[in-house]
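Next up, some structures in structure tokens.
Heads up, the next two complexes both have subunit A, just with different partners, subunit B and then subunit C.
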Partner chain A sequence: MTLSKKPPGLLHATWLLVRKDLLLEWRTRARANALFFFALATLLLFSFALGPDTTILQRAAGGTLWLAILLASVLALGESFRVEQENAALDGLRLAPADARALFLAKAVSNGVLLLLLGAGILPVLGALAGLTLAQRIVINSPVATFALTGSAAMALVLVLGCLAIAAPGTVYAAIASNARARDVLLPLLLFPLLIPALVAAAKATALALEGDPMLQFGSWLGLLASFDLIYWSLGFALFPLVVED
Partner chain B sequence: MSNALELTDVSKRYGPRWALARLTLQLREGASLLLTGHNGSGKTTLLRILATAFRPTTGLVRLFGRDAVAERESLRPRIGLLGHTSFLYEDLTARENCALLARLAGRSAAEARAVLDRVGLGARADQPVRTFSAGMKKRVAIARLLLKQPELALLDEPFGALDPAGIAEMEEHIRSLTSSGATVVLATHQVAHGLTLCTERLHLVEGRAAPP
Partner chain C sequence: MARTIRLVLSVLALLLLVSGAWLGLAWAPPDREMGDVQRIMYVHLPSVWMGLLGVTLNFVCSVAYLLNPRRTVANLDADALAEASAEVGLFFGTLGLMLGSIWGRPTWGVFWTWDPRLTSMAILLVAYAGYLALRRFIDDAERRAAWSAVVGIIIAVDIPIIWFSVRWWNSLHQVQSSPKTVDPSMVFVLRWNAVAFLLLWLVFLSTRYVIARSRRERELAPPPLASEVAR
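This part shows the complex of A and B:
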């Protein structure tokens, strides 16, 4: 009998699984395209609902962007576990054996990357609809140091932290909902209330990155968003094994 | 020789129904057990408990002398399960599916390629599993099992979806597992095939051991 070789560590296993998830996304990119057009349609509907006045659109831009990403995320998160349910592939990974924490990290990272690409894709469309430009310079006044970012760097930071805030709890709840009959209804019911504070922070920080930040509030909102990321990812890391094991 | 598996009063309940009821069983290392019984008799549930995919509702399961619930993470590399479902990603190729398992199990991608050759899929290794017939998917699933070189091989209806040549090859794979010292538990409705491959038999009726 050949003895088993040493299985990969947590980070290596996570990398193997992220690569698998991104490869699957690439192979089934029609799904990602559908997601993009869904988010785009949401943006257009919001802009029609708010009317032709670009001032109102500009004031609501932060909230509009994050609602479009959030609504699209429900489809993306649900789909990411549908692939795992087909042929019980997730069971196969658990028994391989893949560390359940690596399964969480990989799925949350790949969901986060997908949402980030989605956000980056629809942001220019929102800019065109509302006649928005990014702020020239954003100053972050932290207790440690004061430093300045360009508007695009500030926006990129908000997008990354905001998408990570959706991805971690979204992954845990999508795994829970994937075993339920009413999975399509259950996921937003579980996810949306939990994400309200993070989305408020993301929407506020987005508005400041777009309109400028004369009162130096951007750093506080970004810090709040980063704190929610830390909490969501820590809880997801700890709780996900309980979700996927019998 | 010590026991590969020991079950003491093991029960499993799904809602109000008991799929297994106070089952006690021992199997020594290297032995092969044929599981028979009608649909719903508890064969698949038993195999999934042995695979550490399910926890028993009550009772104790020990595999290679270790608690199968508390120490499942350390036991899983030693166990291979060929189930009703293939565990495959349809949009990955056969090679990618096996390479992923190989790397997670601490084996090399080259071993994955070799095992696909062994099950007769070397030429189709780079095609998506979605394009495969049910029999070919079963072969990839067998490749996944062989890749792990399990000390405990759990086979749930391994002959399903296979043509006569595939069945003969499957019998050969099972014989190679037993000759390499693996403990084999085989659940099948094809009792004649099973009896030629296994040294012991357990017949289940409504989750309990019963005379065949």
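This part shows the complex of A and C:
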């Protein structure tokens, strides 16, 4: 490597940073394992709190799934910036020089991937605990065209969009909270109220993907979730440089 | 000078509030369906409005702070105003929510319903409580200003999304009355009280702003000389 080499562009830098984050995660898998078992413990707690009645568990399944992911996400997000503070790694990245916006995209993508894996991991467990079945067919009535999805495809779509919805604002807030006092309290305090619309949409869409959607509401909830994603990914992209600048 | 204006404003606010209370409790006619219970509207609505006004001002100040390319010590004025408006907005918003809840008990039969307006307001208040907590937990003045401005914008953008999601989720609130469907004397009393609350809001806001400014000045002041400390 020579000194005259140009710094990587935005997308290339993002890719390098995502690879770094995922590689770090893959080498130990300690964080992913801990998160998985944390989320499983949460699911068990919900089941015990709601009682052994399977019909109640089935009806609450959408909310239970997303609360488990949300609670685990606070730990994942906080941890993703804590590792960058060891040896001032974040300052090192900024000096590399990595574009702050690439830093946001990379952190948000790797956090989103981690949450997605977590969601995909605990969904079968929840399915077994509550005796869930996926809907046969989900129809989305959009202004452009009408789509028909299988229940599993609809569920996958909700998982992806929901995890992305947590990852973008979560990354901005985790970067802020990691430098504040009482960061473990601050991150959920900031993040939970903000994510309520995403939680409502994801939980409702999940319930519809599981139980079927005779009223064709799935598309609206998915649209709300997608708009939330769009708004907060753009906002995070625009505002994150102001958070890490010094 | 500023102190005199604040004093005059406080006296005016007090006069208007006392006369507004008399107008609302005695002078205005009772509601056809709800009777005297409806009179709580004259304080409930102005409180909610002042809460929303505070939140709006906070958003404007956050944007103004971040848009300024030279975010130096002098520009921390916008930050001080953001802090003041969030706190005053949270106070009035909470007051409005509590008054609304008291109004809801005799009319709806419950203190709380999962109605869009109530729910959105409650989420909003929790979000701004988080915002104010964030301000307490960051020691560096310029970092605090930039980060809380970012958080202020993120929360403000969430407001319409919260509104839509909660409205789809559940709906019950009474249909909003417009000045055309209401007795003119009720509209007059409501406006009177709204002005009174606005003056009170201004008094609170300016006082809180002065406090925030002087705190900022103290934070950013150079450390005292050794000879001064000894004295």
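Criterion: the second predicted complex is superposed on the first by the 243 of 246 C-alpha atoms of A that agree within 3 Å, B and C clash if a C-alpha of one lies under 4 Å from a C-alpha of the other, contacts with A are read in each partner's own complex, and residues count from 1 in each chain.
Please note the rule applied: a contact is a pair of C-beta atoms (placed from the backbone, for glycine too) under 8 Å apart; a residue touches a chain by one contact, two chains touch by 3 or more.
Note that the coordinates shown come from a computational prediction; the quantities given were computed from them, not determined experimentally.
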Message = Between subunit B and subunit C, whom does A:Asn179 touch in the aligned arrangement: first, second, both, or neither?
response = second
Key: Partner chain in contact with A:Thr28 - subunit B first, subunit C second, else both or neither   = first
Inquiry  = Output check: A:Pro169 vs subunit B and subunit C. Expected answer is one of first, second, both, neither. What do you get?
reply    = second
Inquiry  = One more residue to check, A:Pro197. First (subunit B), second (subunit C), both or neither?
reply    = second
Query = Touching A:Leu242 in the superposition: subunit B (first), subunit C (second), both, neither?
reply = second
Query = Which of the two partners, first being subunit B and second being subunit C, lies in contact with A:Ala88: first, second, both, or neither?
reply = first
Message = Per the definitions at the top, what is the overlap between the subunit A residues touching subunit B and those touching subunit C?
response = 246
Remark   = The subunit A residues in contact with subunit B across the complex are 1-2, 4-8, 13, 16, 20, 23-24, 27-28, 83, 86-89, 91-99, 246
Key: subunit C residues touching subunit A - in the complex, by the definition given at the top   = 66, 123-124, 126-127, 129-131, 133-134, 137-139, 143, 146-147, 149-151, 153-155, 157-158, 161-162, 164-166, 168-169
Key: In the complex, subunit B residues that touch subunit A   = 51-55, 73, 76-79, 81, 83, 85-92, 96, 100-101, 103-107, 128, 144, 148-149, 151, 180-182
Task = Spell out the part of subunit A that touches subunit C in their complex, as residue ranges.
result = 169, 172-173, 176-177, 179-183, 185-186, 189-190, 192-194, 196-197, 200-201, 204, 220-221, 224, 227-228, 231-232, 235, 239, 242-243, 245-246
